[in-house]
Amino acid sequence: MDGQDILDLLEQVRRGKLSVTQALARLRHFPFEDLGFAKVDHHRALRQGFPEVIMGHGKQPGEIAAIVRAIRRQKANVLVTRLSAENMAKVSKLVSGLEYHAAARSATWIGKPIKITGKGTVLVVCAGTSDIPVAEEAVLTASMMGNHVEKLFDVGVAGIHRILGNRRQLAAASVLVVIAGMEGALPSVVAGLVDKPVIAVPTSVGYGASFNGLAALLGMLNSCAAGVTVVNIDNGFGAGFAASLINRI
Amino acid sequence: MDGQDILDLLEQVRRGKLSVTQALARLRHFPFEDLGFAKVDHHRALRQGFPEVIMGHGKQPGEIAAIVRAIRRQKANVLVTRLSAENMAKVSKLVSGLEYHAAARSATWIGKPIKITGKGTVLVVCAGTSDIPVAEEAVLTASMMGNHVEKLFDVGVAGIHRILGNRRQLAAASVLVVIAGMEGALPSVVAGLVDKPVIAVPTSVGYGASFNGLAALLGMLNSCAAGVTVVNIDNGFGAGFAASLINRI
Amino acid sequence: MDGQDILDLLEQVRRGKLSVTQALARLRHFPFEDLGFAKVDHHRALRQGFPEVIMGHGKQPGEIAAIVRAIRRQKANVLVTRLSAENMAKVSKLVSGLEYHAAARSATWIGKPIKITGKGTVLVVCAGTSDIPVAEEAVLTASMMGNHVEKLFDVGVAGIHRILGNRRQLAAASVLVVIAGMEGALPSVVAGLVDKPVIAVPTSVGYGASFNGLAALLGMLNSCAAGVTVVNIDNGFGAGFAASLINRI
Amino acid sequence: MDGQDILDLLEQVRRGKLSVTQALARLRHFPFEDLGFAKVDHHRALRQGFPEVIMGHGKQPGEIAAIVRAIRRQKANVLVTRLSAENMAKVSKLVSGLEYHAAARSATWIGKPIKITGKGTVLVVCAGTSDIPVAEEAVLTASMMGNHVEKLFDVGVAGIHRILGNRRQLAAASVLVVIAGMEGALPSVVAGLVDKPVIAVPTSVGYGASFNGLAALLGMLNSCAAGVTVVNIDNGFGAGFAASLINRI
Amino acid sequence: MDGQDILDLLEQVRRGKLSVTQALARLRHFPFEDLGFAKVDHHRALRQGFPEVIMGHGKQPGEIAAIVRAIRRQKANVLVTRLSAENMAKVSKLVSGLEYHAAARSATWIGKPIKITGKGTVLVVCAGTSDIPVAEEAVLTASMMGNHVEKLFDVGVAGIHRILGNRRQLAAASVLVVIAGMEGALPSVVAGLVDKPVIAVPTSVGYGASFNGLAALLGMLNSCAAGVTVVNIDNGFGAGFAASLINRI
Amino acid sequence: MDGQDILDLLEQVRRGKLSVTQALARLRHFPFEDLGFAKVDHHRALRQGFPEVIMGHGKQPGEIAAIVRAIRRQKANVLVTRLSAENMAKVSKLVSGLEYHAAARSATWIGKPIKITGKGTVLVVCAGTSDIPVAEEAVLTASMMGNHVEKLFDVGVAGIHRILGNRRQLAAASVLVVIAGMEGALPSVVAGLVDKPVIAVPTSVGYGASFNGLAALLGMLNSCAAGVTVVNIDNGFGAGFAASLINRI
Amino acid sequence: MDGQDILDLLEQVRRGKLSVTQALARLRHFPFEDLGFAKVDHHRALRQGFPEVIMGHGKQPGEIAAIVRAIRRQKANVLVTRLSAENMAKVSKLVSGLEYHAAARSATWIGKPIKITGKGTVLVVCAGTSDIPVAEEAVLTASMMGNHVEKLFDVGVAGIHRILGNRRQLAAASVLVVIAGMEGALPSVVAGLVDKPVIAVPTSVGYGASFNGLAALLGMLNSCAAGVTVVNIDNGFGAGFAASLINRI
Amino acid sequence: MDGQDILDLLEQVRRGKLSVTQALARLRHFPFEDLGFAKVDHHRALRQGFPEVIMGHGKQPGEIAAIVRAIRRQKANVLVTRLSAENMAKVSKLVSGLEYHAAARSATWIGKPIKITGKGTVLVVCAGTSDIPVAEEAVLTASMMGNHVEKLFDVGVAGIHRILGNRRQLAAASVLVVIAGMEGALPSVVAGLVDKPVIAVPTSVGYGASFNGLAALLGMLNSCAAGVTVVNIDNGFGAGFAASLINRI
């Protein structure tokens, strides 16, 4: 039963061929999954100025190009994450106009200007230089979603003065994305210095008993500082997205 | 917007106060979650003669008694799983008529006769005597769900003749629930002897490197015999339930 | 003691050289493994129209070609799973007539027509596009085993309307194979919407704390929806096979 | 060098006994940890109307009572989490006026009225009845921190209509705390229905392969729905706290 | 088809009512599982003078007593392992004559004298005093199975002279059972000093990162000394049993 | 061959009854494990004024009392670790003179005065009040081993000013034992502030994803600050012991 | 102090320049590690006709060639395990005469004839064709160590008749090496059929939840059949070596 | 507020425009992170003659060259760890003068002579030849940090005489770095022979159940020998660094 079916039913009611009670009974039993019009709007993100996001990892260049073309027809902005430089080169041959952000291993296509709709500043903090690709992914995501974003990189806890020396910047942020590999201690320290939400991102930076980011992940989940929430290992996009949602409340 | 709202809307259509197109437009936008009539029927199990199931573990005797009383008012059959003897004693003081099945650590209340609706025989097989409580939970579940159920207990693979000596019984079953702790090898052997679906249940029987059933679970997931599917450790109920669904196809 | 030995023994009985009791005593003690004639028929699958299955992973193209040739001499159908496109190319040079199914990473050879012997429809559902190779393996397996198979792809739980919008198709299936990576939540949702057996297949799709499918596997084993059973990570073949067994009860 | 030292130094500057440059040089080298006045204000939470929080688990009743008395002298509100009923009984004998919240296994003492300073509604959602203690801890925490809090309990994904039937309540919330044990799928479904931040709380509800909440934790970290962040297993307090920070941005 | 069926068949052959070829054909097709007489003799251990073994853990005193009585009727020796002193006390009230070995947490009943049938000496070595219960279980098992058994206890690798000072005893043994908790290094050192098989038993002795014996288990599996094989954590019985089998080759 | 044997051999050489070459040949072949006099001196710790240490956990009060009596006969100091108050009460009835240190869950008996032989100060730092038992065990161990020991407790990283405010004390120490549960971040921060060896002790303080100290352990092993070494979870004794060895170099 | 030192000392005794007591005192204190003559003979294996074994994995072709040359100078037999075909090609260019065993991924050089010194037959059993490389490594090792070795391959438990059909061969063996990947159930079944020691070898054959052999390893450690001992994953050499030691008792 | 601000403030005090009390009040509230002059000196290592360390793994040759150039301008010594030979070749083309240490997979640049400032000898011990790269990294690190370093390689516990034969060298060391893969037993044995601090380094040498060094790591953490502390898997640099700190106390 689709829209036409309902039109017919309503027409019959209008004509008196079907009583109101009968119509109700029939409406009651047609499954909502067939309504069509009741479908959840999966374009909510789009309408809010959020970009369409393509997870580049595991997709063929051809697939990525096809999706990008489809989205662009809708004039939406596009963010392709986890796109290696060599895959970017291949995609570029298939679809033009994508801008590559090497540090974030991501590409973007801006179909309409990004308006800053986030209320405050999203501050992306990372512990070491090896964490920067994840951090830049978060930065790019939050920027594409209409936030003012600042960076504070390479401020690991082994040199605590580096964090302390930037307390003003920490205090000025509305939401903080804090990224660290190895022991993942940075979010605890940062969360103790601010009274804003901290989204912690463990990275797979490390070796041996880091177990590809497990150590950092567990550390962040066990943070002794209240107010820390955690996303998946290396999930800079997820952190940037969550920060954007928070920054609009 | 509930049923009354729709009645009103239809009434307006009938009276010509609302055009068919307008009505359609309004119907299009009322969220299905408010329909009421579109709600998924969570009583399906009940209508099919399945019992209402209460997971007794972690519930207070008072809670269990209250739920039992509520269900009984609907004349439904009741199955309470993971109910220790001492909790059963406490529940019994609060609500009468429950029958306790010590071997299955479960209690039942039969409000209406159980009809055998399962097509063939559900055969519950277990490896050792320590696996029997899980096996009996599966037996009781499948029985309560209207199946003919048979048991074949204590036929672990270290004495392979015990299984082989019962091949006829294995071959005659429609669905097999095969339960084992320790290395969990029994389902592979059984599945190699029959051409019917085998539901494997790992148990927490064992010590040391059994890691509370993990060894058996992994073994069953890696079964070299096709046709084996697996449920959670010690989940006799789940296996009995799945076997019942299979036995009705 | 082989067939000839028994013939001799029987001959002696016939001639009266051996009493019936003596013969029984001797028969009693000859080990069954030497009977020969008592061997379990491992061709059961074949007789039922099931294909012979070759796990292509880890086998050399030459080995695969040899096995395919051997099976084809028996006029059996052949299914080669986990066969990469490049290995297929190598195998094709050695043996002709194999059809390659790129989406399922599998090859088939149909020696005799496949008859639909499964009772109802096997519905293969998957959460994301990255799960499709596993899903197609399940589809191909069930098809080769004589089932009517339908697909419902890319209906992950983050857009719940996609599942709900296909409830009719879900409800019409006899057995459901539900495939998901990442958090593996789809089988729980689907099992709550149908009253048919659901075989859940975790996939290794994901990164970081997905631990190559462990997260999805654990999620499915802990499903809050009764009736879900689980196979190994990425085991589309196993799920298709189990679904086929269920669909014949 | 403490405050008196600085006073002396300044006095010398005032008297001309120490040049401005000399004073600067000395100030430069006194370690900030001795400043005393530069200490980070750990009372920030307090000043904002947040309660002082005592983790009751692992503390003796005497210890808890002593801390409560100390805090009350500062007229701060007090929240004692993870306090069993029997420990509450013991604490009550030592300090009066604590109110016990059995469902949240927590106690509170309200020294000054709680003002609603949170902007929107914090909605606490949980999957099953066994998750309620964790959910109530989140509710109580967010309430004590000045938020309007609503509850939506027992809406697990196996009965998806239960969530869908409450979409309006979901959509109206500013921040959502979504709590589930077993497979932990609820946050993914909820996050797909709203465009607000979702804080996921895995619980240790389950058995066998739930591994005390590990399955739910991994599931939530791998959520296919963007916007989900995660806290530690059973950490209702942490989720309530983070939600409160978010609700003030 | 049981023994009587075969008798009938043979009788018919004898009478000439059934040709030898016909009889063979019929014998060929009766399934071996029904033979009865072909059953694997599970009394092999018994015949060789091995004791019947009851795993006491997880069994009720009544069950243990019943099994002991049953075995004693067969004049077999009995070994009850993992029997706590308090359970022994309860069992003793139900069945008399059991001897308790407190150090091995086991009980025995000797129905017939144990003959030494093992060829050489089984030497049971353990690292620390906390490993002694497992060691004594191995000693008792091997003794009950007819071996000359010697002990070398408390010779952990942190005091390497303790092992070296007993090299003669090590060298004189035919089979060595080497037991250690914590890091489980002792088997490697011992296996480097002898050229006899070493059965390594990890114990759950330790805390923290010993993870209940996992550290010792992994250590032993990775032994740099060839000739080491490993049994389950705390499995003194299994090691004693395997040593006995080896000692009879 | 013991000392007497060698004396005899030497006597024969002296008397010319055995040539030097013959004597060498015989000496060459007597196994060193029989020398007796070559045994490693396991009393080294004792001679250096270290206490004899008894791990109280898992030992019966009677056993502990017996060992204490034996050691006291040698006038050695005694340290009994992991001794609960109730076990202490039982031990006290069997042997007098033990002093109980409730905070360290340990008992001592001082047979001879402890001399400070450690060169500098051992500073024991811990993150939270729940870590104090482990910290006090480290303090008591190092004190018993002749070190000047200082404490700096409750300086977790969530309030970084607490550590910074004590930098002078940190800088003055020769060796630091840094103890933390939960995410175990404190050693990284401390090691970044000093240039002395830091021994990190993870504790089992925490819940959920702390996995009984695993999170803290992994965090410490992955410390981004060079100079950190780690001991087992809750191993305050081991840290105190290692610190003492370091403090004597 | 080496041999010359002792000669000097003895000479002094002989000349009366050193009293017997003085000599003893000096001997008492020279550390045994300097004796030289007391060194453990690491050539034991060699003397018994065992080959010298080189673990090829992780070594450069040049290194392997150098070691082979060195051993050959001693006329010892050589076994190089874990040597890929391509590395074999490189080694062959550097040193001649090595025979490559492709199935066992190993090379040998026979300097002196291998005598059969093992008492009985070592039977190497494996479950699937993918386990054959590990099985052949065990076969080659045991053969090189002087045993009569037989093979029984591809007898996995999913087709139990394959094992049963070879019971005579199983029963005739003195020691059994049983190799399986996936669920690792074969050793339990085999050990239930024989009364000889069974050395179980888990292999990394499998995928997904086999976790590179962990499933098989845990399964074997938890074998319900007594007499099974286990070696490391894929350790065919270790199993062959241990079997050889057992076969000489 | 920076230095100039303080100068101004002091000037006002001097001029009497600001009272001492007012000045104190203002100083009290300026955040220390802005002081600038209070920054922790991260050049401590440098001043002590320690090299600047670059972790080469994961860095591009260009990055490494740039950092090396920057450090060299400060006349500091440089140590680049985890630098493969092929990356070294690339770096060499960009910056001259680096010396490559192939065995340690590291490069150095010596800007000023290294003075031996460590008090005693750092002895680096390793179990097998495969552990040598990690051992050489520790040797090089400690050497670059001004220590006299000795090596004792290939002394695994399976040939215990190899360690014992070098007891004098062990006893002469001030600090010992003990490196082992597989079961990681060597540190326990060594620590039992000396009374000096032992830093244990697990390596990823091994296969199967070594789980990339986890087995060795757990073994070392559970060492039965007091005085052992542990660093991350393969962390030769960390061990050499910690040993250097210890050797200066």
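Letters A, B, C, D, E, F, G and H name the chains as they come in the text, with residue numbers starting at 1 for each one.
Everything below uses one rule, namely that a residue touches a chain if its C-beta (ideal position, glycine included) is under 8 Å from a C-beta of that chain, and two chains touch if they have at least 3 such contacts.
Since we're looking at a predicted model, the values are computed, not measured.
S.K.: Taking each chain's centre as the mean of its CA atoms, which one is most distant from chain C?
M.R.: With centres defined by C-alpha atoms, farthest from chain C sits F.
S.K.: For the two copies chain C and chain F, what is the rotation angle that overlays their Cα atoms, in steps of 5 degrees?
M.R.: 180
S.K.: How many angstrom lie between the CA centroids of chain C and chain G, rounded to a whole number?
M.R.: Spacing between the chain centres: roughly 38 Å.
S.K.: Just curious, how far off is chain G from chain B if you go by their C-alpha centres, in Å?
M.R.: Inter-chain centre distance comes to 50 Å.
S.K.: Which residues belonging to chain C are in contact with no fewer than two other chains?
M.R.: 31-32, 38, 40, 159-160, 164, 192-193, 208-210, 214, 217, 221-222, 226, 232-233
S.K.: Which pairs of chains touch each other?
M.R.: A-B, A-C, A-D, A-F, A-H, B-C, B-D, B-E, B-G, C-D, C-E, C-G, D-F, D-H, E-F, E-G, E-H, F-G, F-H, G-H
S.K.: Spell out the residues on chain G that touch chain F in their complex, using ranges where they run on.
M.R.: My answer: residues 3, 6-7, 10-11, 13-14, 16, 19-21, 23-24, 27-29, 31-32, 35, 37-38.
S.K.: In the complex, go through chain B and note every residue touching chain D.
M.R.: These residues of chain B touch chain D: 31-34, 38-40, 42, 57-58, 202, 204, 212-214, 217, 232-235.
S.K.: What residues on chain B touch chain G, complex-wise?
M.R.: Of all residues in chain B, those touching chain G are 127-128, 156-160, 163-164, 182-185, 188-189, 191-193, 206, 208-211, 214-216, 218-226.
S.K.: List the residues on chain D that touch chain B in their complex, please.
M.R.: For this pair, the touching residues of chain D are 130, 159-161, 164-168, 205, 207-210.
S.K.: Using the touch definition up top, name the residues of chain F that touch chain H in the complex.
M.R.: 40, 44-45, 48, 53, 119-120, 174-175, 192-193, 195-197, 199, 217, 221-222, 226-233, 237-239, 241-242, 245-247, 249
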